[in-house]
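Per-chain numbering from 1; labels A, B, C and D assigned in written order.
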Amino acid sequence: MHLVTSEVLDLREVAPDHWVTTFDAPEIAAAARPGQFVMVRAGPDWDPLLPRAFSIYHADIEAGCVEILYRVVGRGTRQLATLEPGRFATMWGPLGRPFDLPETERVILVAGGVGVPPVVFLAERLAQAPMRLLGLVGASSRKFLVGVEHLRRAGAEVRLATDDGSLGHHGLVTDLLAAALQEPGQATIYACGPQPMLVKTARTALAAGVSCQLALEAPMACGVGACLGCTVPRAGGSFARVCCEGPVFAAQEIDWEAWERGSI
Amino acid sequence: MHLVTSEVLDLREVAPDHWVTTFDAPEIAAAARPGQFVMVRAGPDWDPLLPRAFSIYHADIEAGCVEILYRVVGRGTRQLATLEPGRFATMWGPLGRPFDLPETERVILVAGGVGVPPVVFLAERLAQAPMRLLGLVGASSRKFLVGVEHLRRAGAEVRLATDDGSLGHHGLVTDLLAAALQEPGQATIYACGPQPMLVKTARTALAAGVSCQLALEAPMACGVGACLGCTVPRAGGSFARVCCEGPVFAAQEIDWEAWERGSI
Amino acid sequence: MSIEPSLAVTIGGLRLKNPVMTASGCFGWGEEFRAYFDLNELGALVGKAVTAEPRPGNTGVRIHETPAGMLNAIGLQNPGVEGFIADILPRIRDLNCPLIANVPGHTVAEYVRVARRLTEAGGIDAIELNLSCPNVGRGGLEFCVAPESVAEVVSAVRSATRLTLIAKLSPNVTDVAVLAQAAQAAGADAISLINTLVGMAIDVERRRPILGNVTGGLSGPAIRPVALRMVYEVVGAVQVPVIGIGGIATARDALEFLMAGATAVQVGTANFFNPRACPEIIAGLRDWLRAHGIRDVREIIGAARPGATPAP
Amino acid sequence: MSIEPSLAVTIGGLRLKNPVMTASGCFGWGEEFRAYFDLNELGALVGKAVTAEPRPGNTGVRIHETPAGMLNAIGLQNPGVEGFIADILPRIRDLNCPLIANVPGHTVAEYVRVARRLTEAGGIDAIELNLSCPNVGRGGLEFCVAPESVAEVVSAVRSATRLTLIAKLSPNVTDVAVLAQAAQAAGADAISLINTLVGMAIDVERRRPILGNVTGGLSGPAIRPVALRMVYEVVGAVQVPVIGIGGIATARDALEFLMAGATAVQVGTANFFNPRACPEIIAGLRDWLRAHGIRDVREIIGAARPGATPAP
């Protein structure tokens, strides 16, 4: 874990309201593994107060930089998107439990909305591996489909879904998953996205008996395991902290029904 | 009074930690008079919460822009100095009672530290007037002397004082005032600066029977007369609001002793 | 839906065209804001505190910024009820929105005297009893903490005026709901809350309290969660309308209070950092209702309370 | 001056190398922070609440950001006193700074039982009685409001342990000084305050309270002015040392509490937004004292109180 004052090297809008910020953070880049995240504070004042968690989108060990991809939805992301190159943010990480690497011949990557980053990072790390990558990417509309080129560059076949049908399958990305599971070859599923998508994906995987790892989100204060704010219900009965026991969980570790019920 | 979302046109550091921001604010520029101020909020979030008051340094009616000069000392000014050209701030004004224009043959402008702006603005408006301008400018050290060139360009003779003797008189700017008052010709004094400088200036002027107007500062919440936070003791006994009954007061209007006592 | 939603609500005898009022001490008597918007847009205008005698206010520093909030120790500076009636009232009488006077006091007699004079003078539509001003020595402070004294003040003033009577409560108590019940039982037409939390700040370099008065009242967005919780509690404890106050700066903030069960809200500190806060909140409420296909703001009052119809 | 200032202070039987502790529930048992600094730098480590039985914690949303603050409704999740002694204590025993356990309770017996087991187990240097947890139903809440119940809990635990005993008070009361006096009279070695203010937030789109528990505790810089005022009040009312808590995020904030008369401070929420908050505050205190030529931090304790020597 490294706590750094990190310079912004680049800031670009990759889709409407979707931004990528590149930070100079060599120690974090060197340690980062797909599925992990960083905590970022973008300003010196007390509102917004808490850091925000962002999945690592790219970690370039040689260039020593870390990229995050985010959608501007509230105070934290709005503030972040004003940090032009040359400005600084405080960042700590890499945090959390990363994806376990696959041992199957096929890998299915399922991403919804701004759930793309960890899945892209994983695909890049698997680009040289001897397995077939299939990326299923969903968004509300074609203009919000991000990270697709990165998946293709990593050698993945990509199938798309949009809620409004403006590109690819007209419907949910999880619709594509059922079909993909019918195809031959043992697969491992990796998923990140909004809660309903994750719940659906987990249930599909559990029903099909396919190994599945999901990167979860929960409201976080500290990101390091201290506040107990980010808990999700474990299949066993107790609570697990998303920030340090996750964010990646295997499908069978979570009590999906309880999580659905307890969510805002 | 105009409330505008104003674009930053220019931001430059004119001395260590001293910045000038130029805002696009045609209505305010057109209405501004020397001694008046604007309230500025530089960010969308709630910390810092309150707007900050800044004297108008320049108001260019033709270009439609307003300039302020400030020293970065706390949260508000630090935030302001991050607003690069193209960013926006909320601004309202011009506010407060301006300087009454002089009717004497000589005008003595006394400025300490970041008290320079209203005095420079006044000098510029008097540049074409048939009177002699004498600027007395003080700062802790030569590198913090700002606005001097503007005073000279407006036709003023300028005398300097620094606390550390690095340029001009080694001592306080108010030391220069006593000497200046000995010189021939009836004078009006205009002053802006830290509280001790204003108190000294007012007492010197009252003792010499010379007309004197001073631009005061007080902690402000609203800047428009509503909160009653910015009061200073009147010579009569009651309180005056700096934001709307001032910031400019004649020397005889204020109970200087009570103000000194009550200050933080 | 393109139907214009209705924003009107009723508080005692007051009909408000919308649920947004100004908070006492944060808007003068409105004159300072005429340059920024048409005051007639307001649901009601609550003015500065009016005391029996003129008050000069506190010496020394009166306000200090804190994280997402501010401390004030103004000390009830005002020209007294006679000065108010002679000098201020004539200038604001023409306004086309209800005018509410805020009345603090040291003794029951003082509350009654001011309320009576304001009623006689005419032009004022409601009286908000400030049962909680922490800034003037012990003034008013004794009235905020015990239900008996709240009841005493409210029933004495109730007998002295036919105007709508609002009891404004202090948050610096263990159980605000009990005070609200006492005020209701004594004849208050409505409860408003919260007044400021008592706070303080120290100037570390000078090693002394920053405010001339040592302590002051904390207001602004920082206190909003506390205010909302107290409003939620009080709405569950009384039947009269509750007016929510504390840190409201946006239409979304106002919606939180309405959904907690407040019939109306007051906007205080926000006027200082945005002179157009009130009209923006009113417009924002209207837009939100329209966007959600809600025809009447009263449909969402209490919508987040147990038993309310869940969001569609 | 180049002399290294002394930061050491004493709280009951505890000698602290500096006056900066962590606040309960905001630092785990420190293990999460070992990656960010050497925990032995701390004046003391106050750990998570330890209850008699294991507690799963609350369901639903547990934290929510507010302006310059946050709400939490964790629900005292912890493995219970036996789980703590078996699993956590062995891992932290080696620390070279005093360890303080925070103990909430539903009944006097529960407080006593946990305090006794922790004393027997060894390795814990002080017990902080959490007399104010607002998050678990009525749990603890009854103990915070009446001086009699505070006294009852404190004196029962006092008889059960020889460890330094700190009474942590709730700010959600009319008169915190009276509670502090009750705790002192019953044998508390120190008073710590404040715990969180009860607050709430509503999700306007879903029309329901955001927190699973409806209300939660407000902490962070937003509450600092209230905390400072209460500390200032309590220091004037008791003779035992007072530990200031609430919104402390910088050395300047800590200095405000020390100058108000606190002997030490606790840092809570700041650990979440800056994992190095504690060591930075300790270093900042040292730098400030050095820059001001002060050799001993105790010289500035109470420096902003009436009668203290004014700043040079």
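Methods note: a residue touches a chain if its C-beta (ideal position, glycine included) is under 8 Å from a C-beta of that chain, and two chains touch if they have at least 3 such contacts.
This is a predicted model, so every value here is computed, not measured.
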Chains touching both subunit A and subunit D, listed by label: B, C
Relative to subunit D, chain with the most remote C-alpha centre: B
Please work out the Cα centroid separation of subunit B and subunit D, and write it as a whole number of Å. 46
For subunit A and subunit B, let me know how many angstrom lie between their CA-based centres, rounded off. 52
Length of the line joining the C-alpha centres of subunit B and subunit C, rounded to whole Å: 36
So which bits of subunit C are touching at least two other chains? 66-69, 203, 206, 220-222
Note: subunit A residues in touch with at least two other chains are 46-48
Please classify the inter-chain touch graph. Allowed labels: line, ring, star, complete, other. complete
Complex contact set, residues of subunit B against subunit D: 46-47
Report the residues of subunit D in contact with subunit B in the complex, numbered from low to high. 67-68, 221
What residues on subunit D touch subunit C, complex-wise? 66-69, 71, 145, 172-175, 197-209, 215, 218, 220-226, 228-229, 232, 247, 252, 255-256, 259-260, 288, 300, 303-304, 308, 310-311
Hey, which residues of subunit D end up touching subunit A in the complex? 25-28, 31-33, 35-36, 56-57, 59-70, 72, 74, 77, 203, 206, 210, 212, 220-222, 249, 269, 271-276
Which subunit B residues qualify as touching subunit C in the complex? 1, 3, 41, 46-51, 90, 92, 219-222, 224-231, 233, 237-239, 244, 258, 261-264
